[in-house]
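The two complexes that follow have subunit A in common; it is paired with subunit B in the first and with subunit C in the second.
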Partner chain A sequence: MATITPAQGELQIRTMQRSPLSRVRGNLGGMWGRPITQAILKALLTIYVTSTITFVLIRLMPGSPVEIKIDELMNQSQMSYADAAAMASGLFDINLNAPIHEQYFEYLGNLAHGDLGNSFLSRGTTVMSIILSVLPWTLFAVGTGLLLSFFLGIALGLVAAYRRNSFLDHAVSTGGSIISSVPGYLIALLIVLIFGIQLRWIPITQMRGAFTSGITPGFTPEFIGDILFHASLPITVFFLTHIGLWILSMRSATLAALEEDHVTVARARGLTDGRITTAYVGRNAVLPLVSQFAIAAGAVVGGAVIIEQIFVYQGVGLRLVASVNQRDYPLMQGIILMTTVCVIIANLIADLLYSRLDPRIGRAGGATGK
Partner chain B sequence: MPVLSVRDLSIEYRTRRGPVQAVRDVTFDLEQGETLAVIGESGSGKTTLAVGLIRLSPRSARVTKGEIRYDDGKRAFDVLSLDAERLRRFRWADCAMVFQAALSAFNPVITMWEQFLDTGRAHGMGDKHTVHDRTRELLDLVHLDPKRVLTAYPHELSGGMRQRVLIAMALLLDPRVVILDEPTTALDILTQRAIIDLLRELRGRLGFATIFISHDLSIAAELADRMITMYAGRIVERANVEDLFYRPRHPYSVGLMRAVPRVSGALGSVVSIPGSPPDLIRLPRGCSYYPRCPFHVEQCLEQDPPLIPVDTPDHEAACIRWEAVAAALGSDAEAPVAEKLA
Partner chain C sequence: MTAAAGLVDRRDVSRIPAPLAGLVEFLRMMSRKPVGLIGLIGVLFFLFLAYVAPLIVPLQDQVDVTAIYAKPSFAHPLGTDFQGRDVVNQIVYGGGDIITTAILAALFSTLIAITFGSIAATVGGRIDALILAITDVALTIPQLILLIVIAAIFRPASFFALAVILALLQWPALLRQIRAQVLSLKERDFVEAARSLDLGLLHIIFREMLPNMRSYIVIHFIIAMTLAIYAQAAIMFLGLVPLSGKNWAIMLYFAYNQGALFFKDSFFYLMGPIMAIALFQLSLVWLASGLEDVFNPRLRS
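== the complex of A and B ==
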């Protein structure tokens, strides 16, 4: 083409303006600039820091668990100090005689193999195998409760915002703020006391554990039903403690999104209400909630300790409390570490999801897209 | 047969202090293929009128009376009496609107192509390929590279490009009327120029009628066939472009033109209009321009003057002192107002 149209000129100017910056980024390596790489690196760093803190914690625990264990072994089994120390260090997977930095690197090396040491109480059982037998139940209950509350909360918040100042709006938002201000353990206790003990509507004793003992695990309707039966109370509590948050956040995010210029333009374009609500209002309103979800996921795993205790649900929280009571230090340490890793992974997923949902954050596929 | 004829349209906003009469008794016709410019300062009711025409006013607004008759070539109907679904179909297909805020006019989380497709689908263009072909054609017309634009998200395009995309999108369904609400306000001067040239070109090619809302008189003068001056929600003068620029008869039109700086003029030649627009909740008695008007007399307080023909039958002004205005301008110089715009 002989002539340059204004649009082409504009394009050229923009390209020129952008090129020095993109060149610098290009030198750093395109891969490192990508949000997905950054998010994964961040997650790995967090896991590393957490494991280091855990390592330090074993040494800072009151009464030095290793020394206590050595004493205990010497007293109980009449072992010599050397034998007892060897046994204790085996349990912790730490060579107590090595200098501290060597112990640290050995610990990290073992971690990298998924080796968290052995349980004190059940000899020969690795901490990892214990965690793997309880962690999925917690993740299942917490995840189900959170996801249910998230999707229902989003729907209710959206409807409330669309019908601002209607009876439904007032009912939903007032209900949401009341329920979100009640702590989860209180709700759990009330369920046990009122529906379980006073009214006897819920067979709380039968619902203990993650599933009925004796049932064959597998993808059978009976087993899945049984799992849901046992998990239903924790799920209810996780659901109730979060639904208010999602309703209120979604309601205000939707009200803000409705004021956006592009929503007015979408109306002028004659788009259907359904399309505007989902793709133009809802999708933009839900963005801030995705990062909130990641934060909530972290907090709720911590909160699960008490809830599982109340319902005697066979999850990681119940096991953690037991390990604390029984001074099973390697198990404690492992549970804390693995729980943190799960939360970090949840955050990572939220991060990646966010960058997919909001192209302004940066596209995982690279800057030029398709 | 005008494509759009507005009769006695009045729109008010409910506020705590009382109703704000943003648009009062507005009457005008828009002929097929014609460009009508609506000028006035901020708060004169221009934008309320523009969004009112496609019934997109905020919830607090209410049309208190009037009629907006649209003729789609086969039959005429009153836009105000359409039900929700027919109104939705009317928007964009019959009357599209290019907004002032083109920078934020697009959904930030979906690509431009999806937004074109949404627009087409909402109006029964079920076939993807039809939408795609038409979109490519229009993007070519607005001098954009379809390949680059369609895969882009809004934030990846410059302000001028987004404004072009919005103009292309406005033409997707071949509307008979396009409302342009200050389409160049947010853009730099070079981009403004390019957009104006583009609009002129498109109008010539496609033959749609345009309502051009602007406070920029020079741009309005370039594009428009006829002009309307609005003040305090009312039309105070209506004329073809030449008459309004060379022979304004309402003191407010004169004031607006004096307020425009000219490239060749001395610095002192820009005169702003003293005072500010009246409170639209408690309108003053008589002519609402009275407090700011250099030509005012006692009589002006008696009633809000109606539009009356001045000079020629096509030229109307709502001023009882129009002859004094004409005399003042005529004795001053040959064409003191238009000269500023040269």
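== the complex of A and C ==
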């Protein structure tokens, strides 16, 4: 009897993972209406579970922000404990002394209205407004880096598979496996260390923040250029950390697709190489990568935390670390929740895209093969 | 087993004792693909560096204010840190903790994934749906963000606690793959035969299926180690783990927070831990890829 053959490598193994939602659709067949409803119900359930997990986690945290503030006031202004406590409870207009279940139901009720509460430390600002001010920058940098790496990686992987065992194939595959096994934050540190400090090619201190202060935001070439200038280092890191994944996945998916019968038949029918590559090989090889893209989106949003820290890019990750250090409970809760929502949306989009691309599901007219 | 049959082709190794012959053949097959061999040598080197070298090299952790951020010299091949301590010495002493935590985390997450993955696949029905639903939710939450918050809350002060937290976050992806493997094995004749002999669920999972997934599990164990190293180095770099002492990631934390990143002279100080982590990760990935070629007869040739 045969030993079970493992899938081909870590990266190819990841290829096998379907997004959670695509499995839902798979179970229910290719129809459009019901699977979408199912997917949305599932998304809502995930949001509910995530919000409960964060609520439970954050209430377990040792050292409440009030106690920390009281300590701070006592040390800084030599106040007595009673005075400091009175002042601190005025500063935080949240009742941490209420029973935990009341806090929970209040939290869920507010959540249903899109209210994530107020930040503990930036008084008077809602958590939602803080997150909405930083999240777009992260999504912009992460999205740009991921999409660039996706398209270039697919092209390189396809070429590598077609020229299997050529020098180009070996160079691209080996390079891809090296770059994708080095953690992104180390690449970020290396960029700062080598190009920022040693060679002084990159003005890393000027590139901090999401845009240069004083510049007027708007759809001017000047502002867009400035945004790209500030986001270029995070984008570079997100690009580098994922390019290898797409190259290796696309390479092995293409190799598999090339062996399919319908490709042989298409060749026998005398179709042009270009048509076979795009409609027969490429289309099928790209399919598993689409659902992989949604999973990568979740991982890269997490990895962004440290990259933003290193480059001091004003995104949601920088804010998360600040909120953890300041024990800003509502902000931490909000960030976990909102990033999860982003991943869910990425999953939904990948799902819709998947059914559009896959000739076997979706509308009957979409089929090109068979 | 074809794996065993494959071991004795081509060359006559019958004169060498059996276990040794297997090892010789394994090395011969690994060396056919240079990447796998480089990975194996790399992993062995780092294991030696982390667990054997500290027994030979004496610890030098006394603060030397006269030699802060010293350039590389004969006495300090990679220079010194912000307290004048030798960087090479810290690299030697700083691997054990990280690798031990990674091995423990990989062990725990693999155990969770195997247990619940095979239960889901063999029992099926509602249990399967429930386990899968939990897995899907766990896969959706950005893991590193959740890990940062959890680390900040629980401040895991021991490697064991840290490994448990890491394992609790990284099992879902592996579980789905184990489940898929078991689902396909379930339909095989020998499992069918065991079932008709009424050998019981535990016997079928542990005696019939697991041996057939051995290579798969070994490779996943290695990949789980890389995930654990990635995640633990990340939270240590952010200063969220109250572990003191010598450790590659904590070296990076100090280098970054003491501003050494911005000193021209401390290039080698930073390159030490960066390269140690990056090369160990690369060795693991390449070892996994080499093992895959050895285990997978389809990919040989």
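Keep in mind that, in the parts below, the second predicted complex is superposed on the first by the 284 of 370 C-alpha atoms of A that agree within 3 Å, B and C clash if a C-alpha of one lies under 4 Å from a C-alpha of the other, contacts with A are read in each partner's own complex, and residues count from 1 in each chain.
One rule holds for everything that comes next: a contact is a pair of C-beta atoms (placed from the backbone, for glycine too) under 8 Å apart; a residue touches a chain by one contact, two chains touch by 3 or more.
No experiment lies behind these values; they were computed from the predicted model shown.
Peer 1: So in the superposed three-chain picture, is A:L193 touching just subunit B, just subunit C, both, or none of them (first/second/both/neither)?
Peer 2: A:L193 contacts subunit C only, not subunit B.
Peer 1: Where does A:E260 make contact in the superposed view: on subunit B (first), on subunit C (second), on both, or on neither?
Peer 2: Only subunit B; A:E260 stays clear of subunit C.
Peer 1: Of the two partner chains, subunit B (first) and subunit C (second), which one does A:I335 touch, if any: first, second, both, or neither?
Peer 2: Only subunit C is touched by A:I335; subunit B is not.
Peer 1: Of the two partner chains, subunit B (first) and subunit C (second), which one does A:T54 touch, if any: first, second, both, or neither?
Peer 2: second
Peer 1: Per the overlay, which chain contacts more subunit A residues, subunit B or subunit C?
Peer 2: Counting contacted residues of subunit A, the larger count belongs to C.
Peer 1: Please indicate which partner A:S181 is in contact with in the superposed arrangement: first for subunit B, second for subunit C, both, or neither.
Peer 2: Touch status of A:S181: second partner only.
Peer 1: Kindly classify A:V343 by the partners it touches after superposition: subunit B alone (first), subunit C alone (second), both, or neither?
Peer 2: second
Peer 1: Output the subunit A positions appearing in both contact lists, the one against subunit B and the one against subunit C.
Peer 2: 5-8, 10, 14
Peer 1: Along subunit A, where are the residues that touch subunit B in the complex?
Peer 2: 5-8, 10-11, 14, 260-262, 264-272, 275, 279-280, 283-284, 287, 357-360, 369-370
Peer 1: So in the complex, which bits of subunit B are touching subunit A?
Peer 2: Subunit B residues touching subunit A: 54, 56, 88-93, 96-97, 99, 101, 104-111, 118-119, 122-123, 142-145, 148, 151-153, 155, 158, 160-161, 164, 166, 169, 190-191, 194, 197-198.
Peer 1: Along subunit C, where are the residues that touch subunit A in the complex?
Peer 2: Interface residues on the subunit C side: 1-3, 35, 132-133, 136-137, 139-150, 152-155, 173, 176-177, 180-181, 184-185, 188, 190, 212-216, 219-220, 223, 226, 230, 233-234, 237-238, 240, 252, 256, 261-264, 267, 270-271, 274, 277-278, 281-282, 284-286, 288-289, 292, 295-299.
Peer 1: Quick check: in the complex, which residue numbers of subunit A touch subunit C?
Peer 2: 1-10, 13-14, 16-17, 20, 23, 42, 45-46, 49-50, 53-54, 57-58, 60-62, 174, 177-178, 180-183, 185-186, 189-190, 192-193, 197-198, 295, 298-299, 301-303, 305-306, 309-310, 320-321, 324, 332, 335-336, 339-340, 343-344, 347
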